[in-house]
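One chain, subunit A, appears in both complexes that follow, with subunit B as partner in the first and subunit C in the second.
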Partner chain A sequence: MRLLKTLIPGDIAAGLMLTGKYFGKVFFSANRKKVRAHLKHFTQEYPEIPVRLAPRFRGRLTLLKDEQGEIKCVCCLACEKICPTQVITIEKGKMEGRKMPYPVRYDFEMERCIFCEFCVESCGFDSIILNHQFELAAYNREDFSLGMEGLGQNMFAPSPVGKYSVAED
Partner chain B sequence: MFKSEELEINLGPQHPSTHGVLRVKLRLDGETVVSCTPVIGYLHRGLEKICENKTYFQGQVWTDRMDYVAAISNNLGWVEGVEKLFGIETPRRARYIRTMLTEMNRIASHLLWLATHALDIGAMTVFLYAFREREFLLDLFEAFCGARLTTTAFRIGGLREDLPPGFVKQARAFQAIFPERLEEYETLLSENRIWKKRTVGVARITAEDCIALGVTGPVLRAAGVPYDIRKAFPSAAYAEMDFEIPTRPEADTYARYLVRLAEMRQSHRIIQQCLDGLPEGPVMAKIPKILKSEVNEVYHAIEAPKGELGYYFVGEKGGVNPYRMHVRAPSFVNLQALPKMIEGRLLADVIAAIGTLDVVLGEIDR
Partner chain C sequence: MPPMTLLQTIAMGLIQIVAVLIVVFIMVPLLTFAERKVIGYAQVRLGATRTAGGRKGFTASLNRGMWAMGKVPVLSFFRGLPVFVADAVKLITKEDIIPAKADRAVFTLAPILSVVAAFGVFSAIAYYPGVMFYMPKSWPLIGGLPFNGAIADVNVGLLFILGLASVGVYGIVLGAWASNSKYPLLGGLRSAAQIVSYEVPLTLSLLPAVILAGTLNFKDMSVILSTGQGMSPLAVIPLFIGFFIYTTCGFAETNRVPFDLPEAETELVAGFHTEYSGMKFGFFYLAEYANMIVVSCLATAFFFGGYYLLPFGLQRIIPASVPFLGHPSFLFFMAKVSLLLFVFIWVRATLPRYRYDQLMDVGWKYLIPLSLVNLFIAAVIRYAF
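Moving on, here comes the complex of A and B:
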């Protein structure tokens, strides 16, 4: 009986049947559809086809402006206080014709940010959000210190993203 | 003609099967392990000290970085520990959602364990199959809290937001496919003769040794001790759930494999009950903006995928941060069992033993 079991490897054949089933499925459907459907395909052709993120995705911190183009932030410093890694620095200031305080500086050190969204949660004025950007790599360390005005990155627009593909050239 | 002497070698810290930066000093006699010393500390960040300088709200984000494959379980331990310290009552719906997500995280963690453990031993196929289901779960986490690994899923007093639209439907889709996917892993491994040769009778540890060393989790349950924090000290909504504690008497690597698979089935059952009986209501209790503690100390343990995960807080009078915070990390304690498991066994069994302990170095070093 044991000899028979050794000679006819039923256990391994069962495993091979399963992998063969999936091989067949992939073999006859690969590259036909470029969709993100969980039950069919799991590999995504990422840089060419953009990733669909969940609406609650936590990306880079962004300052918001209201309809008149004014900064919504009123320097309550709630985000600065709640931040677990102290990446936000705000300098309070006054502006002509504005009742609420106005941030003269709003500095954000992205290299230390852990994307926990506590700052957005603590904000009572909905003046900051985390956008849906996750391709945040940069070549220089200075590129990670964001501010309201600056050379490379500012707090209002999304970060510049490098080109991913040489196929377009 | 030939001299015979013992040879001392290092396994790791860069070895792919040590699951991180674990270094194991081995003294070998031929292929037999004479003694074994795990060397840890390569990933030490001083999390306990950092948390003492952060408020109770801020500290939660550090717990994500301990056991990074089961961040939601760590979050649960932190928030429930702090709630215990301050006597905060959480709404029932929040507790149900917490339970559901923690069980999903348990499945995700066990899937990662199954994938990497099988990969170490040589069964490569399971790796991709298990990651397929894990991906599904990580997408659910992303839909719920916005991140896949460093979740920071819960808040002290409840949840930040309710479940997103479509979450329950996706979760039910997962529930529908998962049992047959588990069957697939079993088809690939359970009866496979190579898998059995590598696991049956390997890395045995008796129940007495487990208890003496403080080993908890699936390793202890595979030694026949039905100890589970979810049953022994139920928190969240575990008291209202109907599930069993799977145990095996053999106490070897194969038994631990079977126990973990059975645990995934039980987690599946718990998620189903949570989805069916999800109560309506608010998800956040009313809590003050600043939590100031009295002189008080609290130990709160939950059942993480690896074992008993305990948080110990000491509050200071009027302090906004814990005076002392300590984590009883299951991987750290379970790793002590490694010398007991492999001394006198073959070198190849070391790989199986490290895999079967399911250690995560982020949690060991903290």
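Moving on, here comes the complex of A and C:
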């Protein structure tokens, strides 16, 4: 029986069938542009095609606004207190027609940030989020000091450097 | 037609040699590229898809130009086909290092021996039975001369091929010894033991084909075995078994996975070519892939139907009156060789490496008895039916 099993290599054939199946699947999906959405392979062709990230990917810190365009942050300073590297600095202020305090300044020093997401977890008002942006390199140290003003250093908009990474939600 | 003069014979021979060499030199880099892609696809990834340049020189200026045009500076067309050119260029331009304590003469001789043995075999392989085409009449000296399907139609072609192919192991053993280093030496010893062991079932698995065909000429053997003329229909059985024994031994002869013990990187760094670099390593690489092509050619010609459509002598089902399918064709031969080369890569993507004692077990305990039984079956079929 053992001899017969050795002479007829069924397990080798099974292994070949498995790899052959995967070869066929990837071969017929990877080389056709039309079926890009149903790709069978795990390789991500990053610069040309935006990366598929996990939903919990921790990118750059972003301030959120509500439907009326109001800043959601109420300056409870929970994020500032919990931050292990102390990269967040908030200055409280008052605004007409708004009960809650309003952040006059919300500074974020990204060069020291460790992207631990403690700030987002501590936030009781869902007013900040780590977006899906990972292309955060810059040429000047000043570009890492983010605030509520400016173009390239704006805490509300995704960074203009990231050409290929997904910045939604 | 008048008999060819000496000059004409030499000229035609050179033309044929150059033609075969060009085909092989194109096929080998393509094969390395195919290997990357096929293994990649089988493992649910993409393999090499792009070629990026360096930071200096010609490729760097290309890169800067592409950045200036607003494009990502990688060559990614045809799913990464430029990779095979880059591979070849890298091998040729790399620094060639000879270790200080190495035996310089033997160290240089070894890859040459390997490559010569691998390429010499191509001279006796017939790619088409008879004349492929005639040279144009208007050409001087060689006008109207036949371009044969084989460079040399050797009377005992099979012996020539087997003899020359087994010279290749000298390249590995000599290179391993001349490196003056322990890992190459161990790899070389393993390789010698492995190839000597597997030479026996390899030759024994070809003997049924010789018995059934009754000749040693490569072209005649291939034609008789695939058309099955003068053979019993039962001859399919030994040919079928022989095909599997031969391909298994072929994997071992060419040091391919699952029998690539000479280059088991977990134990022996890179085996016999650890100390080699540059084009000397490229020669070993070239020889390995050329050997793969040779093994595929032999398996195709003797067992897999050769220049005809159907394998294992089943071609008699299709009468010769059928256009194209009933006739021998160079395309059938190349298609079958490509299929077998694909199987080589496919097996590499699937199977892990055998242990050394398992390798010897497979060779001595199973393949040699099996091929002897197969030889007996073939002899019975030849003389009883």
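By our rule, the second predicted complex is superposed on the first by the 117 of 169 C-alpha atoms of A that agree within 3 Å, B and C clash if a C-alpha of one lies under 4 Å from a C-alpha of the other, contacts with A are read in each partner's own complex, and residues count from 1 in each chain.
Everything that follows uses one rule, which is that contacts are C-beta pairs under 8 Å (C-beta built on N, C-alpha and C of every residue); 3 or more make two chains touch, one makes a residue touch a chain.
Source: prediction; values computed, not measured.
Judged by the touch definition given at the top, the superposed model places A:Ile12 against both subunit B and subunit C. In the overlay built on the shared chain, the residue A:Gly20 is in contact with subunit C alone; subunit B does not reach it. When the two complexes are overlaid on their common chain A, residue A:Phe118 makes contact with subunit B while staying clear of subunit C. In the superposition on chain A, A:Pro55 makes contact with subunit B only, not with subunit C.
In the superposed model, A:Pro84 makes contact with subunit B only, not with subunit C. By the document's definition of touching, neither partner reaches A:Leu4: not subunit B, not subunit C. Subunit A residues 12, 15, 18-19, 42 lie at the interface with subunit B in one structure and with subunit C in the other. Chain contact summary for the complex, subunit A toward subunit C: residues 6-7, 12, 15-16, 18-20, 22-23, 25-27, 30-31, 40-43, 45, 47-48.
On the subunit B side of its complex with subunit A, the touching residues are 54, 57-59, 61-62, 125, 132, 135-136, 139, 142-147, 150, 152, 160-161, 164, 173, 177, 184, 187-188, 191-194. Residues 9-12, 14-15, 18-19, 38-39, 42, 53-58, 82-84, 114-118, 121, 130 of subunit A touch subunit B in their complex.
Subunit C contributes residues 38, 40-46, 49, 72, 74, 76, 79, 346-347, 349-351, 366, 370 to its touches with subunit A in the complex.
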